[in-house]
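Several structures are given next for inspection.
Both complexes shown next keep chain A, but they swap its partner, so chain B is in the first and chain C is in the second.
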Partner chain A sequence: MAEAAGVAAEFFASNRARAARAVLDQVVLPGEELLLPEQEDGEGPGGAGERPLRLNAGARSRVRVVCGPGLRRCGDRLLVTKCGRLRHKEPGGGGGGVYWVDSQQKRYVPVKGDHVIGIVTAKSGDIFKVDVGGSEPASLSYLAFEGATKRNRPNVQVGDLIYGQFVVANKDMEPEMVCIDSCGRANGMGVIGQDGLLFKVTLGLIRKLLAPDCEILQEVGKLYPLEIVFGMNGRIWVKAKTIQQTLILANILEACEHMTADQRKQIFSRLAES
Partner chain B sequence: MRGGPSGGARRRAGLSMAAERKTKLSKNLLRMKFMQRGLDSETKKQLEEEEKKIISEEHWYLDLPELKEKESFIIEEQSFLLCEDLLYGRMSFRGFNPEVEKLMLQMNAKNKEEVVEDETVELDVSDEEMARRYETLVGTIGKKFAKKRDRANYEEDENGDIKPVKAKKMFLKPQD
Partner chain C sequence: MAGLELLSDQGYRVDGRRAGELRKIQARMGVFAQADGSAYIEQGNTKALAVVYGPHEIRGSRARALPDRALVNCQYSSATFSTGERKRRPHGDRKSCEMGLQLRQTFEAAILTQLHPRSQIDIYVQVLQADGGTYAACVNAATLAVLDAGIPMRDFVCACSAGFVDGTALADLSHVEEAAGGPQLALALLPASGQIALLEMDARLHEDHLEQVLEAAARAARDVHTLLDRVVRQHVKEASILLGD
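After this line comes the complex of A and B, so read on.
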């Protein structure tokens, strides 16, 4: 918090755009303007002295940069819309890479392509209304299931859990979900099985758990047979052989958000003993 | 040299007042097709110019500043999927749900192995082999589409391959 306050003071005092390179992994605030490496000429804190000599100055400015969640393009300027740490990913082949803000929030805003867990709240004609935790329930066509036809309706009841993907998600329209991919296969989407436990966590924790090198999940997977479904909307569904095991699992996942690696190790070793 | 205007002016000057009044026909009448023949070049030009003026005045155009969106090098993307290489959201451990476990391997391996896969893809049948195989098919398929009368022209040679007989009927010019 002290860090954020310091940054805020500095930002509002100088009221000047900072270079994106210079604030990587630092806190950025909504309303702040960032300068991409191509725009830094003389404006950034580095100044002209530090800049290496460029041979292809003209070609440089055409590098494409992707601005992810938490950033917004406004003309040629890059503005911050969320509070959090600025992250950057180097590009795979050419381009300027991806910038985004790693923020902590609980409110979910539907994004096209996201896999989420929804609860069916209503069946009306040929669409289901699904609560996904957004500002508006999403619609889900009964034809958007694997193998579904007009004759062969999927067996979906009110109250069922649905794991699906957004195909339409923007600020002006009702979000729309589907449970098939572009090839018409389910790929694990559809109604999530019976029983189990659904609980909500912050959106940041979901991303932390789904990161490719997440130690928590590797540890959890060693405990006992279990199944987990993660929705990008902050919902987690867990199921194990017994209710007790399911509850332990849910508690671990919920608690590990604010634990250090050592604390986690302790808990996992204690669980392994019991 | 343009003799038209000066010649016309001279002629008009020579005409009497009464005659001038008589020749003054309305513009609309002069514009008619049958009147065009008798017109001299000056009045013709005048009429054409007027017509052009009317047409250009009646043209519609939008009184707006030019909208020119500059090509931007910043692309907006609101999904974390692209940024963080997140794993597939369904997981199963220690054989709880074998179906999901299989799916998990498949979906999570997709990101990593894509590069490797491209290299291992090899052609089962080389292009040359394919061409050779189709070579023999030309005759067989050709026979299928040939008319009954022409079918006799297809003969089997010593290899068993069917080939069209080359002799073509054509017009022979008589010698005289």
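After this line comes the complex of A and C, so read on.
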């Protein structure tokens, strides 16, 4: 039975690690292993005969590569854990740059520094519990607003919308958010005003809308005057002059995900006429 | 059905397949808009639907939360119209609970649960038409749904059933072959590393034949992986085209 097990083990394993550079911008799936550029040299053909002799054999020049969302370190390779397209960003200073997987997702996982829209669900003592769409409600202290002191409490009720950023967000602790930046100024964060409409979209669409040169936003801006807030947790709050315009804008943004650029331009031109 | 030969002299099975041949597989991801991830798969005449929610807050008692891992909660349900005779209880009976437990074991091996402590991942699978190989179809559908939800996984999980008739191992059994009473094996495999997530058999099989049946099941699971691979790549390409890449 031992030989059978050995044969079976060989049959089951099929290792195919590819170079990360070769699969950039292509679809990668969980279970694939990627080799970083520095390892490719060592594993090329020829083996020991073609590698140049080094005086200090132990120390190789290591480039620090950052492993982003969708990738995990597994030994000295990268293991893909989500399906999507592999992306790479060149580093500004020294270092090997960042690799990550661009994947489609609806469920948000809190990340430090992200600006999100949350809904206040409870007030307990000195903190508010805010639902941000993750696996735990985030906590928001009442002192984390601009100009808030122990005597001067902010006017926040259960059910209000809050725009803030995460200061603590890791898998082991409850996420904490604040509505001031590091200088103590609000910078647009805080309680979001009355009226308007909050709706959910996928995370990929939010990232696309927040890209620097997004055409959708420019076209929407030309259509009606509006106020809009984007939360990285997939929530968008929009407000226009009338309820009908607000609903039209919400429907357009939700549908943007499933439309090509031409269909979108058609809809915008039809709305601009009417 | 007495006298029905499962494997003819020329090597053809009841539905005309060869011994190691799979049934036709069609799958789609992202079938539900409101769930975090969803998928639908058809393996021959077996149809299964999987829906994934999570990782979200633990529902029910807080005491069930695990401090270092996510809780994977699987529920298996087979529709009342899924079998030849109408089923009385869609879920909650013994077989469904056991299937749910097996699915949970399978996916705890593949999902990276340490990344989401104190949260819960729900996987709901429903069988709409059962024509043999329901466990395998459920696992394949649930893998696609978990990938659609963006939950980090170590690898795909691909499953297939196998049987043994007249000295030959058959892969991907249909209901007729399962009902004939021979040994059946269900195997769930992580294809890239070759590791087994779940291996289940509750019949008698001589140990000399085990390796042959296991090999047939593993080969079939890898074929399933090739097909699912293609489905996922197609889905990702379509999604990223619409987002304007």
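The rule is simple: the second predicted complex is superposed on the first by the 237 of 274 C-alpha atoms of A that agree within 3 Å, B and C clash if a C-alpha of one lies under 4 Å from a C-alpha of the other, contacts with A are read in each partner's own complex, and residues count from 1 in each chain.
As a working rule, a contact is a pair of C-beta atoms (placed from the backbone, for glycine too) under 8 Å apart; a residue touches a chain by one contact, two chains touch by 3 or more.
Every value quoted in this text rests on a predicted model; they were computed, and no experiment measured them.
Participant: Give one word, clash or fit, describing how chain B and chain C relate on chain A after superposing.
Facilitator: fit
Participant: Kindly classify A:G125 by the partners it touches after superposition: chain B alone (first), chain C alone (second), both, or neither?
Facilitator: neither
Participant: Once the structures are superposed on A, label A:N187 by its partner contacts, choosing first (chain B), second (chain C), both or neither.
Facilitator: first
Participant: Counting only touches as set out at the top, which of chain B and chain C does A:K89 meet: first, second, both, neither?
Facilitator: The first partner, chain B, only.
Participant: For A:L205, using the defined touch cut-off, is the partner it touches chain B, chain C, both, or neither? Pick first, second, both or neither.
Facilitator: A:L205 sits against chain C, while chain B stays out of touch.
Participant: First (chain B), second (chain C), both or neither: which does A:E32 touch?
Facilitator: Second partner only, chain C.
Participant: Examine A:G159 and indicate which partner it touches, taking first as chain B and second as chain C; both and neither are also allowed.
Facilitator: neither
Participant: Determine, under the contact definition given at the top, whether A:H258 touches first (chain B), second (chain C), both, or neither.
Facilitator: second
Participant: Output check: A:R72 vs chain B and chain C. Expected answer is one of first, second, both, neither. What do you get?
Facilitator: A:R72 contacts both chain B and chain C.
Participant: Can you report the least C-alpha distance between chain B and chain C in the superposed arrangement, rounded to whole Å?
Facilitator: Superposed model gives a least chain B-chain C C-alpha distance of 12 Å.
Participant: For chain A, which residues belong to both interfaces, chain B and chain C?
Facilitator: Residues 72, which sit in both footprints.
Participant: What residues on chain B touch chain A, complex-wise?
Facilitator: Within the complex, chain B touches chain A at residues 70, 72-97, 100, 103, 107.
Participant: Could you list, by residue number, the parts of chain A that touch chain C in their complex?
Facilitator: Contacts found on chain A: 1, 4, 7-9, 11-16, 27, 29-33, 70, 72, 79, 81-85, 102-107, 109, 134-137, 171-172, 204-205, 208, 257-261.
Participant: Okay, in this complex, where on chain A does chain B touch?
Facilitator: Residue list for chain A touching chain B: 36, 38, 61-69, 71-73, 75-76, 78, 87, 89, 96, 98, 100, 111-115, 163, 187-188, 207, 210-212, 214, 217, 220-232, 239-241.
Participant: Across the complex, what residues on chain C touch chain A?
Facilitator: Contacts found on chain C: 36-37, 54-57, 112, 114-120, 147-150, 152-156, 189-196, 207, 210-211, 214-215, 218, 222, 229, 232-233, 236-237, 239-240, 242-245.
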